[in-house]
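We call the chains A, B, C, D, E and F, going by the order they appear; numbering starts again at 1 in every chain.
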Amino acid sequence: MTRHIHHDLKVYGSIKLYAGTGSPELAQKISDYLGEPLCERDVIEFPNENLFVKLRSSVRGQDVYVIQTTSQPVHRNLMELLIMLQTLRLDSAARVTAVIPYLAYGRSDKKDQPRVPITARLVTDMIEIAGADRYMVIDPHAGQVQGFFSIPGDVLTAYHLITDYFMRQRTQMVEPVVVSVDLGFAKKGRNLAAALDAPMAFIEKRRSTNNATAEALTLIGTVAGKDVILVDDEVDTGGSICEAVNLVKKEGAREVYVAFVHAILSANAAERLASLPIRRIVTTDTVPIPPAKQAILADRLDILSVASLLGEVIRRAHEGRSVGEMFNE
Amino acid sequence: MTRHIHHDLKVYGSIKLYAGTGSPELAQKISDYLGEPLCERDVIEFPNENLFVKLRSSVRGQDVYVIQTTSQPVHRNLMELLIMLQTLRLDSAARVTAVIPYLAYGRSDKKDQPRVPITARLVTDMIEIAGADRYMVIDPHAGQVQGFFSIPGDVLTAYHLITDYFMRQRTQMVEPVVVSVDLGFAKKGRNLAAALDAPMAFIEKRRSTNNATAEALTLIGTVAGKDVILVDDEVDTGGSICEAVNLVKKEGAREVYVAFVHAILSANAAERLASLPIRRIVTTDTVPIPPAKQAILADRLDILSVASLLGEVIRRAHEGRSVGEMFNE
Amino acid sequence: MTRHIHHDLKVYGSIKLYAGTGSPELAQKISDYLGEPLCERDVIEFPNENLFVKLRSSVRGQDVYVIQTTSQPVHRNLMELLIMLQTLRLDSAARVTAVIPYLAYGRSDKKDQPRVPITARLVTDMIEIAGADRYMVIDPHAGQVQGFFSIPGDVLTAYHLITDYFMRQRTQMVEPVVVSVDLGFAKKGRNLAAALDAPMAFIEKRRSTNNATAEALTLIGTVAGKDVILVDDEVDTGGSICEAVNLVKKEGAREVYVAFVHAILSANAAERLASLPIRRIVTTDTVPIPPAKQAILADRLDILSVASLLGEVIRRAHEGRSVGEMFNE
Amino acid sequence: MTRHIHHDLKVYGSIKLYAGTGSPELAQKISDYLGEPLCERDVIEFPNENLFVKLRSSVRGQDVYVIQTTSQPVHRNLMELLIMLQTLRLDSAARVTAVIPYLAYGRSDKKDQPRVPITARLVTDMIEIAGADRYMVIDPHAGQVQGFFSIPGDVLTAYHLITDYFMRQRTQMVEPVVVSVDLGFAKKGRNLAAALDAPMAFIEKRRSTNNATAEALTLIGTVAGKDVILVDDEVDTGGSICEAVNLVKKEGAREVYVAFVHAILSANAAERLASLPIRRIVTTDTVPIPPAKQAILADRLDILSVASLLGEVIRRAHEGRSVGEMFNE
Amino acid sequence: MTRHIHHDLKVYGSIKLYAGTGSPELAQKISDYLGEPLCERDVIEFPNENLFVKLRSSVRGQDVYVIQTTSQPVHRNLMELLIMLQTLRLDSAARVTAVIPYLAYGRSDKKDQPRVPITARLVTDMIEIAGADRYMVIDPHAGQVQGFFSIPGDVLTAYHLITDYFMRQRTQMVEPVVVSVDLGFAKKGRNLAAALDAPMAFIEKRRSTNNATAEALTLIGTVAGKDVILVDDEVDTGGSICEAVNLVKKEGAREVYVAFVHAILSANAAERLASLPIRRIVTTDTVPIPPAKQAILADRLDILSVASLLGEVIRRAHEGRSVGEMFNE
Amino acid sequence: MTRHIHHDLKVYGSIKLYAGTGSPELAQKISDYLGEPLCERDVIEFPNENLFVKLRSSVRGQDVYVIQTTSQPVHRNLMELLIMLQTLRLDSAARVTAVIPYLAYGRSDKKDQPRVPITARLVTDMIEIAGADRYMVIDPHAGQVQGFFSIPGDVLTAYHLITDYFMRQRTQMVEPVVVSVDLGFAKKGRNLAAALDAPMAFIEKRRSTNNATAEALTLIGTVAGKDVILVDDEVDTGGSICEAVNLVKKEGAREVYVAFVHAILSANAAERLASLPIRRIVTTDTVPIPPAKQAILADRLDILSVASLLGEVIRRAHEGRSVGEMFNE
């Protein structure tokens, strides 16, 4: 029989949490969940825009997690993440995990026309070359982005949170139907519908044959007299979601709920959403929503926090325990 | 002004076409299209199953294209491709392009549950490590597989062929409607529908809540009295497609056409298809269909060849001309 | 003086043993030796031949050993190994060791003619890219295959087992002489002869000058009236070994023993061996011998198990103890 | 004797020039110098700040040069460069050269305190991973940055332009002395002084012992009654250069000239320079100086263009001719 | 709250110290400082000059430090280091750190003329490819060599030792002034001067305009009547330092001290130094000084040992504690 | 049909030959064979032993061959090769081929005991990291070294030259028998014997069982009254070959010829060979034999030049023609 070795895992020193400047509140909540403080570091922007990072204490041999979202300012946040990763690697951390609640450029994931980039792959390459040993992301645009990374990681989903939300609302809703705003999102929408035991419908967008720029929207499936849950992975300028709201309303929807994970809300997306007959807007804090935008939507906005999700996965990753178990998978 | 240099491109020697044993007829058609012979090589399988490849002539400094599909026998075909790539690289070819009409393991493209592989990435890694400088594939399950490769390549589609086929059938069809068999295929289905100026419908498959193995199919959209074109990227055992045929028939479809790119047709798929009320089965030769299976389906089977598509792309790749232009993109 | 740190090694969590489907009995014996169970995993082959692997429990931070031989079905076994390696890596195992009792393609280890592959290097590259951190192999055709790997590993030999076997037989043997069947194996044969304190002879095979396919065999050294131990690393179709038996018999050998590590026994090798005047056939279980073939050879076949060898090396690798010590080296 | 092969080089197709949005005027001048047009491409910034690039024509097999400076907006310009490089690589360009007149983050070239990044190495890694085969930079902060790249490149200097400028001014100057503003720049300053056959002096900056933030400046060497040429590689906020002007004036300098390659001029640097008794400010167009800032300095500003330098090096790189020859080296 | 895990770090087994043959005395002193023995290993040079290394005990899972300087015989010492690194990696050490007190080829750190190597980068590449996970070097010629490595490491300085030495001498010195022998060393010289609160001067070397090989030396700053500390990073043939001594003496220096870290002392450097009016020569043991050379300089030579510096950094690296703290940084 | 492109290959500019200092005469002969001059370059050794290389003309876009043997001084020659490779790569050569007539450390090609290096793999890694795109070597100790390289190359043999030599001697020889000095060389010896249509014998060396250092030699096969050709790949100190000569003489050999490719001849090997009853010593110029050693052996030494072999392979590699054809393979 084998000589006994203690079976508790001690591979990577202690958890060390670092936060970029992209999502400080979420980072603090994760820290609170774990009961582990955010480590002190300086992040300085010089007048020439160059960023500088200095860790206040050594991470030699430690198990480090850098929490940084890559929403706006996108390129600054991304570069800050990369510099932090390199700094931690050069300080001889035992393992560095990039915790990226929202991964920028996720929609540039294939060449659907000639002579264009696959920027999502460029971004994953940059994260690896900077020094990440592992990564965590939430609901990337396509799950296939896992295959862009050479390093292992945890691709998590916030749809459990959104499902739970609507399960709680269920009794107050009339014949809910899940409507996928984008055909590329059809499969994820189906999962939400199945969890809610609700039927589905789709919005198909098609370029008009005699007018290159105009697009025609069609609803496939029925929503008349039903409560509609419009779902998508992210809302950017809000253009698609606004058209979708109008379409389902025109098709006779009763109440309209809008659910999406990543609240980019660029340009005047908040104002556009506010002007529509939406009952509730359900999203998460993978991207920080500025107070001004929250104010515009406040009475109808529900922000579900991914902090305990990320916190629990960090804890399990550190302790070498299964993450899949969290979801009974 | 710059000293003049001849602007015709001569970078990579001559085209040298090599064929694996996976799809010899398609390879011959490509050779015919290009007017370039298939180069001679020995492929030997020893009694211990080990494969051996020997090139009959040198490829030093040449621009080599290896045509090998990776359908059944999958692992033998894949290994044969890899050995050919390595042999060509070690013989100092200037550039080696893996031309893979059907890329195996394309559906294993993400971890949609914990503790499973992303075999598509493994396969792309193997192709690169063996020595491919470039690749060509036709309609991989997800377009994102482009981002799995670190090398450049051409991801081509045979839907232009299928679209053209139905455009020619158009006048004989009654109110054609395109029905996507799988929600993950919704977007590609939409493109076909848009090209045909036809409406769409979807089949949603959902695991029954009180019986884990049973699945319930729902048609979203309407097909009653219309000619249905069922589309998918590949047909393996034919299970989904057969259910789909039955469902649209039950929902009142007039004629049913089935269209898919990759004719895997494993197990008794041919027999199952033959037993159904399908008017035409439209597919391509990315995967060779054995004569016996063709016989079963013969009177209703239309096989569109991808030979001129691949041949033209090889020519343009060799000459340094745009591939996008071929599709007015 | 340095601050004290516990010196027992706890780097890589617990031993986790996984078995491929290539050699389940050997894997079970290794498990028994170590007193560590084989971890549960699903290996599924879909109708399209694609393999799918799912681990039943998490290996995060663990020290994992995948036991998989790569004998027939060669390419399926190899692909299964690679997929398991990737799956374990993506599940964040701390260290993954590929334990490969028999490494396929070992004889394709150099270009001894132009325009051929070095498939052994391709195979080692594939093992590395899939995610192995270390490897273990037994008696590869050429020891130099160690230099094909970039990762560290243990190249083990089963000749200690074979030597011990003949040491026990020694008293019953008359003037034993070790005869190397292949000149490329001369040095390993010498080691066995030296351990038994027996003389050597060689069989030289030479292509006849006036007939390209015929080969002439010559015995160099003397065997008349002696007990001959014919040695080689593997027996495939048995052609060489059968010629060798006939030759030494013709040269007056008394009893003939045949010893080899890897019992490939493809085609009708078992029948051929059974028909010859061989006293004992000594081999190992690096390659599983199907019951039918064992039956053919049963009364003269001795299968020495490498299970305790591999088990002990796994234990020492896990505990950070010397493997060389096992052999008093 | 060897069979004759034409010795003119035709390796990499034609020159294709692409310009990022960071320095369009310089790119146009290079294009004019070479008589080669800038290729058309779209660079779009979406409302979510994500950048998108599309080439208007194919670059398959061509010899491509991307001209992009990485001054402000630093991170956007850098990302745009990286995306262009990847796009060109994925479109199968034969060779891609990143032409970067000013390389951001050059001063972060070593860890001169613990737990800080080496961002210059991160940037060079990013350029390589994105797809550059070669690079060109002008006067990086430290010449050692060449060793950060794994790819070959041309590190060029604009000091020849500055030397020529002062050679033309020579007759009007009284006993010119070259003063290095920063000790790290001492060696490059010496080269300029040697070319002008002028003596040198140095400014030493030292942190005051009894006040951590105050810094004491000392002039080492003599400037009294002489015309001073203050030299540095870049001017950012202008702090050091302004202190230097005041110091040499206090030490009795007659006229003061300021010369530097990279005109970052962040914050109110232009205003600060304008307020000082400087006769001429000599710089280059590696960084575009906005018209407003030019206006502030206009009567004393001389901008030397690096366009013909870069153009000539591009031409020679394309034609396979020596670049060293340009400088009689 | 997170499940508790012991926070003392046990990642990399025990410290194992190995010494090359390049600097055995320094290695022994480090061993003494740490209270850890040097591990036994054989280093054999065959008659054909090939080196062979054999470890006497296993390093599986251990934290190994190889101490080897790369002074003369430079290429043999370098190769010995590389072979030891590979041997340790192949024996499955958990981590291998190359401790290189003096890194050869450090001055070949950029292409300051066309068509020359950057040998320092070649050397760092070789150290990485051989198997080092980390490195430690003392005062490389340019700090930027850190950016040549892809692996993390500790770049240490012996100037703290030299500063302390002169602080102790301070009271006996008359108006000490630090003089930098080489302009490339100006910044490091400034740091020493600042620590001693002494002024600086510089020696500028310039090629004479009418005689290509002659060089003119100028002193910038004043030394008359003062005690001069001439500083440089290494002394090779002693040419520059001898010229410098003569120059400062001619300019009226009182006593002259010479300080440098790396005592290469090739050719007749020791004799040259011995013949000059130098009061003390202060250096370190990063390079072993042969007894014969020590004898020549003995009465004026002070060798400061870097053993406790390296020992302490090894200890802290092993224990995962901050190295920066050692210097109050 | 495909648009016509000129089929003569012009990929890599012109041949540029560079010689290291390891084998200048062989390099000159290759140059003469090809009618291409050796390019001028400076190779300087500084007093601190560091080497410096400067190319006298640009190699941008050229097809460069560096001829450098790695015999004594081994490490200096190896480093010189590596520095030249890097210099050529950094100067943007289109392709760099390392032409290494004798590859040092070839015998360290596997771990035949624990805790030793595989230095041959280290050397191949160094050659690749320095910048070689291809390599050429002659008769490496084991052919498997091809699999150590990731880059393609030509592994050539000088046995054709040796075979031709003995074919010419054939008529004067009495019953020639080829005797392999080392069992590891048995297979190559057989090839020579087969080409000469001569029988074989072997020398087996075995450590004596009761005396660890003594070795017993046995001849297997018969040589009495015959002319013996002793063959090996290299002769280092000559120990084995001298024992072999004595043994075959004792066993009754008539004349003894000694043939080997690489004449290392270290220590007093030449003297030892000179003292033995050898008729002719046949070797090549892969390693330069110093005049003094040639003098010792002169009347019995035949040096066959590999210059035309290497020259012809370089020519064919450059022109993209088959090398295998040279040998009717």
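The rule is simple: contacts are C-beta pairs under 8 Å (C-beta built on N, C-alpha and C of every residue); 3 or more make two chains touch, one makes a residue touch a chain.
Everything numeric here is computed off the predicted structure, so don't read it as measured data.
S.K.: Which of these, D-E, E-F or B-D, makes the same contacts as A-B in over half of the contact pairs?
M.R.: D-E
S.K.: If every chain is reduced to the average of its C-alpha atoms, which one ends up farthest from chain F?
M.R.: Taking each chain's C-alpha mean as its centre, the farthest from chain F is A.
S.K.: Suppose each chain is reduced to the average of its Cα coordinates; what separation in Å results between chain C and chain F?
M.R.: 33
S.K.: Could you give the separation in Å between the centres of chain C and chain D, each centre being the mean of its C-alpha atoms?
M.R.: 61
S.K.: Could you state the distance in Å from the CA-based centre of chain A to that of chain C?
M.R.: 49
S.K.: Residues of chain D that contact two or more other chains, please.
M.R.: 9-12, 57-58, 90-91, 111, 113-115, 118, 121, 319, 322-324 - these are the residues of chain D that touch more than one other chain.
S.K.: Output every touching chain pair, sorted by label.
M.R.: Listed by label, chains in contact pair as A-B, A-C, A-D, A-E, B-C, B-D, B-F, C-E, C-F, D-E, D-F, E-F.
S.K.: Under the definition above, what is the set of chain F residues touching chain E in their complex?
M.R.: 46-59, 71-76, 78-79, 82-83, 86-87, 90-91, 104-105, 107-108, 111, 113-119, 121-122, 125-126, 129-130, 236-237, 264, 266-267
S.K.: Under the definition above, what is the set of chain C residues touching chain A in their complex?
M.R.: Going through chain C, the ones touching chain A are 8-15, 34-36, 57-58, 60-62, 89-92, 94, 315, 318-319.
S.K.: What residues on chain F touch chain B, complex-wise?
M.R.: Per the stated touch rule, the residues are 1-3, 5-7, 9-12, 134, 152, 316-317, 319-325.
S.K.: Okay, in this complex, where on chain D does chain E touch?
M.R.: Per the touch definition, chain D meets chain E at residues 109-115, 118, 120-121, 142-148, 155, 183-184, 186-187, 190, 193-194, 197, 199-202, 204, 206-207, 209, 218, 220-221, 322-324, 329.
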